[in-house]
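Below are structures written as structure tokens.
The two complexes that follow have subunit A in common; it is paired with subunit B in the first and with subunit C in the second.
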Partner chain A sequence: MIIKQELLKIFRLPIVGILLLFFIIINGLFIWSHSYIKEELSVLTSLVDKYGTAINEEMLAQFGGDYQQISDWVSTIEDLNGKSGYEHPSDLLADDEFFLNPPISDKEFNQLLEYDLIETYYRTAQDIDGIYENVNVRARAEETIDLYGFQGEAAETVRAQFEKLADRKEQLIENGEHKHLFFYGKIYKMHNLLFKDIGMILIFELIILAVLITGAVTNYEFEQKTALVTYTTKIGRKLVIPKLFAAITANTAVIISLIGATLAIYFLVFNYSGLWHVPISSYFNAITDFPYITWWNISFIEYIGLMLLLIYLVMMLFSGMTYILSIWLKNTYLVFISFMVILGLGVLIPGYIPLSTNFSHYIHQTPFFMILNPHEWFMGYSPFTISPYYEVITISSWAVFVAGLIFVSIRRFYRQALH
Partner chain B sequence: MLVIENVSKQYGNFQALNSIQLEFQNGIYGLLAPNGAGKTTLIKMIATLMFPTKGEILYNGTNIVALDDKYRDVLGYLPQHFGYYKNYSPEKYLFYLAALKGLDKSTAKQRINELLTLVGLEDVTRKKMKKFSGGMIQRVGIAQEMLNDPKVLILDEPTAGLDPKERARFRKILTSLARDRIIILSTHIVSDVESIANQIIMIKEKKVLYQDTVAHISNQLKGMLFETEVSLAEEDQFRDNYQIIGERQEQEKLIFRFVAEQRLEEAWQEVIPTLEDVFLHVYEDDQTLAGSMK
Partner chain C sequence: MRIILNEIKKLFDWKVVALVLLLSFLFYQLFMDFEFSVFPNGRPTTDHYNIAKDMIAEYGQEMDETEFEDFKLTYQEEVEKANDYLQSREDAVAIGITTYEQFRARDGHDEQASKLSSNIMFEEGVDVFWELQARESIIERYANKKEDFSRSTAHINSEAWKQTIIDGKYHHSILPGLVTDNYNNLIKMVAIWVVISVMIIVGRVFIVDQKNNVMLLQYTSKTGRLIFRKKVIAAVITTLLITTAYLAAFFAMYRTNETSDFFQSKVWSFDNSYQSWFNLTFLQYIILTVIGIYLLALISGVLSTILSRYMSAYITLIGSQVPIVVILVYLIGEYLIYNIASIHDPKLLPFITYTILIAFAFFWLNYRIRREKRLDIL
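Then we have the complex of A and B:
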């Protein structure tokens, strides 16, 4: 009953609805601005329709047979100088004589461009084994250590983690997780689009909403000048507890709505049919020569689930921090500014810690740093977040910390003079 | 019974109240003191919003802080600045507060109807409060504090900003509520409490000066209060010699109401002192009084 009343206070705030709608529109526009690659992406989904995602000998034989036909057709086409006999679409397209004045119809030319993409998928699929043989995790460790300038104990920690990653790479090769068709990362960067760009946008939008909602409902009585009345009723200052639950409920609803709407738009624009169960560690996801390697065999759809879970938990932590600030400051503007300052410090301070002791690793185990690279969650990639349990440790230790502070703050609120 | 037991309150280095000792039985108590005397400070401590620096407040023998929600369950409080949700109707706001006071829905509904009728707001129960006058808001405030049928009802300057008609209505409502409970009403306006309070409490220099009936307090000035005509020529000297409590002009003459140890001149008319006279006399040299009297 009281929680319901507190929830009504939140949802009657025009700013919540307006921001939510505004963010959905922004995200929709952002997704739409990438929709021009849709056509090209469908080349891959058609391939997956035909051959499935798993790259193995049987699949390569079938794929190769079809590719031979493309190759045959390409070899018949002459450029203006009468040169012909190219083996691959890309060879033909690299011939300037041909490219500038293609002696074929527009339709055929478009067909050729599509074949060029198919070639990329086919030849990359063939090369994966070789590529992974050349992925040197230990060398990557040393490069990373040099690049960041780790020293002593901190460098050892990085080395040890990459050592684990080297084992994981062997295991991954055995499973064949890397050998699955997916949108070609080096061209389309779809993993980064969804998990880094959209993931980050979502996180920052949700932070704004979570801080506003939690601050507004917790400070409501002080800002409406009703504190003296409400906090002297029978429930009294314990009213801050239903307020906390109302904030959690409202934040949950907002998180579900914003992420739900954004992902709905995303998957309406981009067709992922046949790709839901492709492992995130697929080589095609890689955007650099060092591929993404998740610590466990996680499929695309599972990764989305984990991302949602982590975003939710991080938002609960941020909501909890906002709640604590509200109990002390009693003013939503102050709370908002303070939270942003804390967030900024949380992001910046770790950068000033010397990289010689393990403290430099611990100081990165904060939700503030964690939200900066959502596309690297559960992966061995960057040195500060490389540990398999980075996310679990960060969330659980901060949950204990924030819960403790909430408890202390409520206790202090009970004993505080209210004006 | 409510007992203020040797309570002092300090704001940092500033002492607002010093060793306050008071006892309240059922009835209306007028807490009468000028601005800044510490009325709100005392009331906020009784309302558990602030805590004494020294001493304690006991309800039926137990510290009110220890009683916690059992005490707040019998408490009704109207703050000096009564806050409300501007977009709510009185009915909706009272429903919310009734929930906070632990009333179930059907009891709340009935109470809210009764109370809004009692305070004369039955026609606007569903109107948004942002359109209400100060008097109407104050009446919502009274309805609000009566929701839980409190045994301790405190009102901090409830008449501030009300016109004389609203004030009279307000006194009537309060008198009708006065049975079986302690009502503490703070004000710096004598007429608010003179006719309805069983006892008057005056605070001066951070301490309780009087806790007594209106008659007893008024008697303090018995035989010391006079009126006389003074010509304009004598005016200045007269002002220097005596404490003037009131004055009015009749034709060419001034009529002064003033305090003196005893009757010194035939022309002086002894008058019966009122509570107002004592109030003006007591706080005559009080800095905080300046500018507060109407």
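Then we have the complex of A and C:
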């Protein structure tokens, strides 16, 4: 019952709702500003309708048969010099003059553009085997070490992790995880749009909400000058414990509403039908020559689930840290600024550590660094987060650390002068 | 006056100031340090920057067509130097690369040629080869300035305006884009940080007294409700102090980028992709952005003051400041500071936006001042 009263202290304030609404509108506008690619994305969705997502001999044969018809159609079109017999749509479109002043009707030209996209998918699907043969994980390790300037022990750690990734790549090629159709990453970057851009926006919005809510609940008695009354009642200083649970409950509600509304808008704008179970390691997700490789076979929908879970856990950690700050500072204004200072330090400090010992890896295992690349979670990609268990270790070690500090802080609060 | 002074002292609470200073340092390290420590960024950017400075020393702020011929001659002389260098290298002669022309036209897949070029460019870092690259890009841009101009102004329908640009020889100005890009990136961050700092520090102007129930005493004292105006004045003075302090610190640091040679150059240059509706010199452009920052600081200071009067809990105060900061930061990055008055935005857009923001803050403040006179304070 006390928790309910504590929650009322927050949700009676219209600002939480207003802020939530403001963030949902911003996210909606951000998603809407990318919606112009919707039409082109639907080309892939209809391909998936026809052939499914898995790329195999049978599928390629069927796809190839249909592509032959496109090729036949293309070969009838004449270019500006009256030459015809082109094999691929892209051959025709490669000529800038043709692209700017097509000698065909608008309808035919649009058809040609669509076929050009289908060609991209068809030819990339055929090329995947060759591309993965050329992906050299060990060379990538050396490049990464050079680029960042790792030395000694730290470089060995990076090498060892990439070695594991090389094995994982072999396994991936065997089970064909990478051979699935998905929105073409090099053009549309849908993985980065959803998990990096929108993921980061969500994380920073939630940080603001979580810090404000936790700070306000915990500091309420001091800010409303009721501390001397409430903390001398029968429940007394134990009241800070229901406050912690009230903060957690309120944050959970806010996280679910904001992420829920944002993803709802996202999936209303972008049609992912037929693609929910495509593995994240699909080659089509890649935006550079080094593809995304998840450590386990994770499908798109599972990845969303894991992302939600991680964001939730990270927010709980941040909420816990805010709670600790609140107990010591007793002022939401100072708590908010202090949290931003801690966040800034958390992002900045790892960069100052020399990259010669394994300490440089450990220092990156913080939630502050983890939230910077939500699109690389559970993946072998960047050197500091490459370990398969990076996320699990970071979250669990920090959970222990924060829980310990919360315990100490509460104990301290029990015997503190109240003003 | 005494009250105003004391209110200002209250705003500069040591805990808040210390945290804001710490936060400023972090902000600087995260978003600005790079533009200072790595300017100009690598090669041939550094060479480009140095050549542009030499050009100003030789030709003045502008390079006309005859001076361009001279510039091309200098290029030829440099090519001769490169030829001499190549002929002095045995490994170059061995694979038949004896002139700069051959060096440029080398086959990218030829292993020996690639090895030679990477040795010259990266391991030895021979200046003349990098400088030639920079000079080539300058010559190319100067030669193509008319085409570039018509392409970048294709969306503008005023032939008369375009003619004044061409007649005014706007393109002759020497100002590399890397200098204005660097300044733009920095000043954008300064503007964002000034807005946030002002919000944090000025936001406490009313709420602290409100929380301590001092308002009731203040409003019934001899000064009475005039205290509201005095606090607003204190908030505005604090805003101006913070802004001036940040700008002074910023320009002290910006001096180390040593771009003062370009101050008298027109921003509209053949070598610069930023093009303005107005024929500004770089110094005038800097002044324009500084004025913009003062306006933004005042807008955020006044809005923060008003919100501080309305809100009785810190969560509501910060919560209501967040949307304002988000909107201002977005607009700063779009056109209020970054690339202000660019021809890619409608000519009057920044001015209309500033006017709307100022009018909004002013009318709200005015309304509140009038309301304070007859407000029920309990």
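By our rule, the second predicted complex is superposed on the first by the 416 of 419 C-alpha atoms of A that agree within 3 Å, B and C clash if a C-alpha of one lies under 4 Å from a C-alpha of the other, contacts with A are read in each partner's own complex, and residues count from 1 in each chain.
Everything below uses one rule, namely that a residue touches a chain if its C-beta (ideal position, glycine included) is under 8 Å from a C-beta of that chain, and two chains touch if they have at least 3 such contacts.
Just so you know, these numbers come straight off a predicted model, no measurement behind them.
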item: Room on subunit A for both subunit B and subunit C (clash or fit); value: fit
item: Partner chain(s) touched by A:G344 [first = subunit B, second = subunit C, both, neither]; value: second
item: Contacts of A:G215 with subunit B and subunit C, given as first, second, both or neither; value: second
item: Included angle at subunit A between vectors to subunit C and subunit B, based on C-alpha centres and rounded to the nearest 10 degrees; value: 80
item: Which superposed partner A:I18 touches (first subunit B, second subunit C, both, neither); value: second
item: Which of subunit B and subunit C A:Y333 touches, first, second, both or neither; value: second
item: A:A94 touches, of subunit B and subunit C: first, second, both or neither?; value: neither
item: First, second, both or neither for A:V229, with subunit B first and subunit C second; value: first
item: Nearest Cα pair across subunit B and subunit C, whole Å; value: 6
item: Subunit C-contacting residues of subunit A that also contact subunit B; value: 225
item: In the complex, subunit A residues that touch subunit C; value: 10, 13, 15-16, 18-19, 22, 26, 208, 212-213, 215-216, 219, 223, 225, 331-334, 336-338, 340-341, 344-345, 347-348
item: Partner subunit A, residues of subunit B touching it in the complex; value: 44, 47-51, 68-69, 72-73, 75, 77, 79, 81-87, 96-97, 99-102, 144, 148
item: Touching residues (chain side subunit A, partner subunit B) in the complex; value: 1-2, 5, 12, 221, 224-236, 238-239, 415, 417-419
item: Residue numbers on subunit C that touch subunit A, as the complex places them; value: 15-16, 19-20, 22-23, 26-27, 29-30, 200, 203-204, 211, 313-320, 322-323, 326
